[in-house]
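Note that the chains take the letters A, B, C and D in the order they are written out, and that residue 1 is the start of every chain.
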Amino acid sequence: MEKVALKDSGYRLKKAKILHTKKMTANEKFFEIALRENSPLDHEPGQFIMVSLPGIGEVPISVCSSPVKRDSFDLCVRAVGKVTRSLHKLKAGDEIDIRGPYGKGFPIRILEGNDLLIIAGGLGIAPLRSLITYILDNRRDFGKVHILFGCKEPKEMLFGDELEDWNKRTDLHYACTVDRADPDWAGNVGVITTLIPGVDIDPIRTFAAVVGPPIMYNFVIKELLAKGIPENQILLSFERNMKCGNGKCGRCQIQNLYVCQDGPVFHYERIKNLSEAF
Amino acid sequence: MKKPKVGIFDFACCEGCQLQIANMGEDVLSVLGSIDVLEWREVMSEKWGKKLDIAIIEGSITDPHAVKRIKQIRKKAKILIAIGSCATIGGVNGMKNNFGLDDIRKYVYGDSYRFFPTELTKAVHQVVKVDYFVHGCPMYIPEFVALIKAALQGIPYYPPDYPVCVECKLNENVCMYDRQVTCLGPVTRAGCNSWCINNGNICYGCRGMVSNPNEKGAQDVLAKYNIPMELILNKMNMYNKCRELT
Amino acid sequence: MEDMQYVILKKERFNDFISRLSKMQKLIAPVSKGYNNFAFEEVSSGSDIALKYIPTVLPLKKFFMPQRETLLEFKMAKGADAEAVVELEPMTIFGAHTCDLAGIQCLNMVFSERPKDYNYLTRKNRITLIGLECNEYCDEYASCHLVNASFPGGGYDLFFTDLGDYFIVHVKTQIGDEIVDVTGFFEKADVSHMNDLERLRDHKRKVFSNEVPIESKKLPELFDKSFRARVWKDLDERCLACGNCTNVCPSCYCFDIRDELDLSLKNGVRFRIWDSCQLEPFARVAGGINFRKERSARQRHRYYRKFRYSVDRFSRFFCTGCGRCTRTCMAGISLKETLNELIKESEDRVWKKWL
Amino acid sequence: MKKNVNINVEYITRVEGHGNIVINVKDGKLETCRLDIVEAPRFFEGMLRGRSVFEAQHITSRICGICACGHTLASIQAAEDALGIIPTEQTTKLRKLLLDLEMLDSHILHIYVLVAPDLLGVKSFVPLIQTHGEVVRRALRMKKTCNDLCDILVGRHVHPISAIVGGFTKLPRLKDIDAMLNMLISIRHDMDETVELAATLKFPEFERDTEYVALVSDDAEYPLLMGDIGSTDGVRMHKKEYRKITNEFVVPHSSAKHTKLSRESYAVGALARFNLNAEKLHPKAKQIASAVGLKPKCINPFLNTVAQLVESVHCLEHATGILEDLKNNPLNYDEEIVVGLNEQRRIPVRAGNGVGAVEVPRGVLFHNYHTDENGAITNANCIIPTNQNTANIEHDMMKLVPEILDKSEEEITLAVEMLVRSYDPCISCSTHLMNVKFVK
């Protein structure tokens, strides 16, 4: 058996350097990362990359910064297992390897000129942050923007500073809620669906972008349809087990779709009949 | 990196898994190059008795003294690794639980049975927390090596949670069911590279069952071969009797 | 029929041909393992080969996408780049039945779809494929005719048909042509040979009938109606989730990717290894949710990947009719029975509408 | 000199299993001198009841990982005896090969890893990695080779897979036989060096006249797999009468039973075999025995290690001979069997009572099963070499301790520990207590 170098391999890694890290909550950590020579990642909002720690493994992680920021990009990682816990041990100056970006992100060209209702549950804020920051970087290109954010407890709130900023901005509408309050919490309490009826939108020109834990989708979609948003204007991003990112390994398959290539962002219309999707 | 301090301890078992370590040959030296073995009664006279980074445990917990000893070891050790079926699932020692404790003591020791206290056989994790499992009777060296590496890297090792058949097929064995004999491969956790079947024997289930076995399906399959249910259960219980304790 | 070229190989020269072939590069062919089991293994003489065989335990995919295959080599030292690699071994495979050739065609499509998989494609280019016609039906488990894989449909360099005293050989590619030239045991086929071949094919058309009462072009439609069919529940009770059916399937290609370090913890490799959608952890994500937790969902997924999804994606069935999944399943789950159940159930539904 | 000595060794190290030594000398008088077997009892005989005799070898192999192949062979012999199966010539040949490999493996382990540290004055083989790197590497190399040989022959050394009642489930192919032969040849040189090393070691001088028990036979082969039971006191019996040899009795301080024959105790093991069968050893082994000055009847228990060395050479040569023979007389692969639980009744079963008596590294091992007409075990009994040796070890200690009372307590402890270790006791084995009549 000979082993020869393979130039075109879909598994080739790119070296990247951690510029900066920040502990966000007990389980989530923020990473700012630059490729060699600070070359741009060239991703679309909503796309993900495969993050590699050779010798440990590789995991899909959404890019959570706007492509407008070209020298570096951001990740927000929740420590759950082998690779993610090991990632949490890294600090500024350490190296990681990446592949990608992969998949289909949010269809920016279609969203431009329209109103947006962005709904994030928990860690779902990570992929949406790339969309939100992109919109803020190009605020003139979009219509009205609503952001709804929900998480279990106040202490699990990610990107707190930025949420503050969004809250203060006059060119967008922001609301958040927690499932369980703590004594310092003065805001809304309740699941995220409770926020939806109160948003004032023109359903015909509104696109909804929803990312959150699997159980959230059914409820949120019901509310959105009730509000009259057409099915092809609801965008969802899915999480599945993934190994290759190239639409081959089969793990992320939802019926005949591969989340890694056909998604992770889907139009609700396209997947509503896939019973394995929800 | 400082070398982790390691102790190897045995409870009721055949000590075959420790022997598997010696059977690694000169690779043992590579392993010993990255760890400091401070206590290993079977091959060393040195005793340590202080804090350890890794305690490797072989054997099942079968008497009150053992319960005390394993708890002491757990307190001293940052990471506890259970090796071999006796430690990970109770293994053959569990067959004892098929009998009344006094009955079996009398059978073996006659009138003097009172000198020999015993308890229901338990796997190590049924007494103290276990961080890593190396299943198998005996453990499969490549898996032990993989696990030691994971422990040194500080990452989890997940034993396969699919049946031996997977590996058996990859080895392109003629299935035992094609040879008209019953094999426990379909319900047994893989990771041994279908060791027994590669050598023409059936799987005895030494690695324990997969986490969500279709037991009814398996019993149907076994029953197809007209062997009494009792024998089938007996067969599954050879290694897996301790599953009943929780 | 201009570009078609037929030659013949007399039986008495077969062993010489095989010996010669095995000296050119590694030669793989079906051999008997006892208990009516066969495997593709390395051979060096014609007598090693089982010319009459039913599909091997593992299909040819084991050479095209090895069970374990290194993708990257790396050093743990800081700044060291991982190197992408492919493991190659040139070989000739003799004796592939039409179902297995179809299997390789399926894999070719999967790995050529963008993003292309160059590990597979590079390796594939080093493998010479020689087909062998099945004159008779293998056994009751096969269903190759249903999925149009019972007659040669390309995908080979040479294709052998046993016509008694001689083989007639279809030369399809330049590589095939070279083998014929270099070994020098072949003769030109004449009209009588072609007539013999036609007779055999006529015979086959009679023997190979459709085993499942449905036209193959109606299969996708059947599956469109069957997502909630009862039969999946039944499979749930019987399937042991052992993954045998997918491991032996010529067109199943799911894999896992893992890393491994050497004992010094300094060098490592990333490799891929066969995996199966039938196994419990396959679709489980970090949060513990398993998107196909039920065995019924996993079994259904397997069938849909063979008869429905692949039709959308690649305009062909991914079942080659080899019958391996049925032969190997100790729970006795049979592909043909499942299809029959689905048909029956859908007919029942039609009836119910009328009543 | 009147002296008080109080020795209490908890968990003797470098032996298989858990044993304690208790010695108590008061005013120069030996009051207590005990080898306590404190291994947690595992009740194998009890657990075997009701199980298929076709599982017996699988289960009893788990009595001991070190001599798993020995237990396997004794168990198979007992089961076949009960079922009335006579193994084919080919099967017997391969079993002898397996036993040679087992002996070699175990002796190497014992000589290098368990005994050598004492004689080189260190606590374990771990420091030897620094001081005697080459010796350690050689030991590991030889150990691994034996292990790999067993891998080829029976799937693995610890708990062999393919050796079962009725024969073998997998037979080595020609290329396997070639590979095994090459492996054996490759360790010949290591074996020579082992002999050289052993020649330099100094063993304590101590003697006590002892009755030695081992298999004996009338043919010219050094009996390991088959034979009658004989003793240096002139006893000879058929294996079925093993209970008359072992005469087990229970002592409260030990979870292993004790045995005796013509005297208060007897010894089994390499030295016993040597003392009874030295003239049947391979010429090369004989040559080595005479070179190191070992001759029968040797009554220094410390020299058991030397007898093991001599046997290692014998087994290496004997195994090589079998493999060479297999090269010229190819195996009949039709003898490969698939039995499983014998649910297909491929092997006829009957009610019976069978005994296996096999020389395993530490001495003669007995398995005895009663089966019912379905082939299920109704009664099981295993008598392990170490059980047979324990009483003898205690009697050796009783003679040894007074002879060295002038030494320091540490030195006495070390001497006694070395004595125990020289028997190569396998304590995990010895706690399989059996269903026997107690000698009152």
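The rule is simple: a residue touches a chain if its C-beta (ideal position, glycine included) is under 8 Å from a C-beta of that chain, and two chains touch if they have at least 3 such contacts.
Since the structure is predicted, the reported quantities are computational estimates derived from the model, not experimental observations.
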Starting from the Cα centroid of chain C, hunt down the chain whose centroid lies farthest away. D
Across the interfaces B-D and A-B, which one involves more C-beta pairs in contact? B-D
How big is the gap, in whole Å, between where the Cα atoms of chain C centre and where those of chain D centre? 52
Whole-Å distance, C-alpha centre of chain B to that of chain D, is 25
Distance in whole angstrom between the CA centres of chain A and chain B is 43
Between chain A and chain C, what is the separation of their C-alpha centroids in Å? 39
Residue numbers in chain C touching 2 or more other chains? 261, 265
Could you tell me which residues belong to chain A and also touch two or more other chains? 55-56, 81
Residues within chain B bordering two or more other chains: 153, 179
Identify every two-chain combination in which the chains touch. A-B, A-C, B-C, B-D
Using the touch definition from the top, list the residues of chain A that touch chain C in their complex. 1-13, 15, 52, 54-58, 80-81, 84, 95, 97, 213-214, 239-241, 243-244, 246-251, 253-256, 261, 275-276
In the complex, chain D residues that touch chain B: 11, 13-18, 39-43, 45-47, 49-52, 55, 58-59, 62-66, 68, 109, 113-114, 117, 123-126, 129, 136-137, 140-141, 143-145, 147, 154-159, 161-162, 164, 168-170, 250, 252, 255, 336, 338-341, 343-344, 428, 432-436, 438
As the complex stands, chain B meets chain A at residues 153-156
Parts of chain C lying in touch with chain B, wherever the complex brings them together: 33-37, 39, 56-58, 67, 237-244, 247-248, 260-261, 263-265, 274, 276, 279-281, 295, 328, 330-332
Could you list, by residue number, the parts of chain C that touch chain A in their complex? 70-74, 76, 78-79, 81-89, 110-111, 113, 115-119, 122, 227, 253-259, 261, 265, 268, 270, 272, 275, 277, 282-287, 289, 291-292, 297, 301, 304, 308-309, 312-313
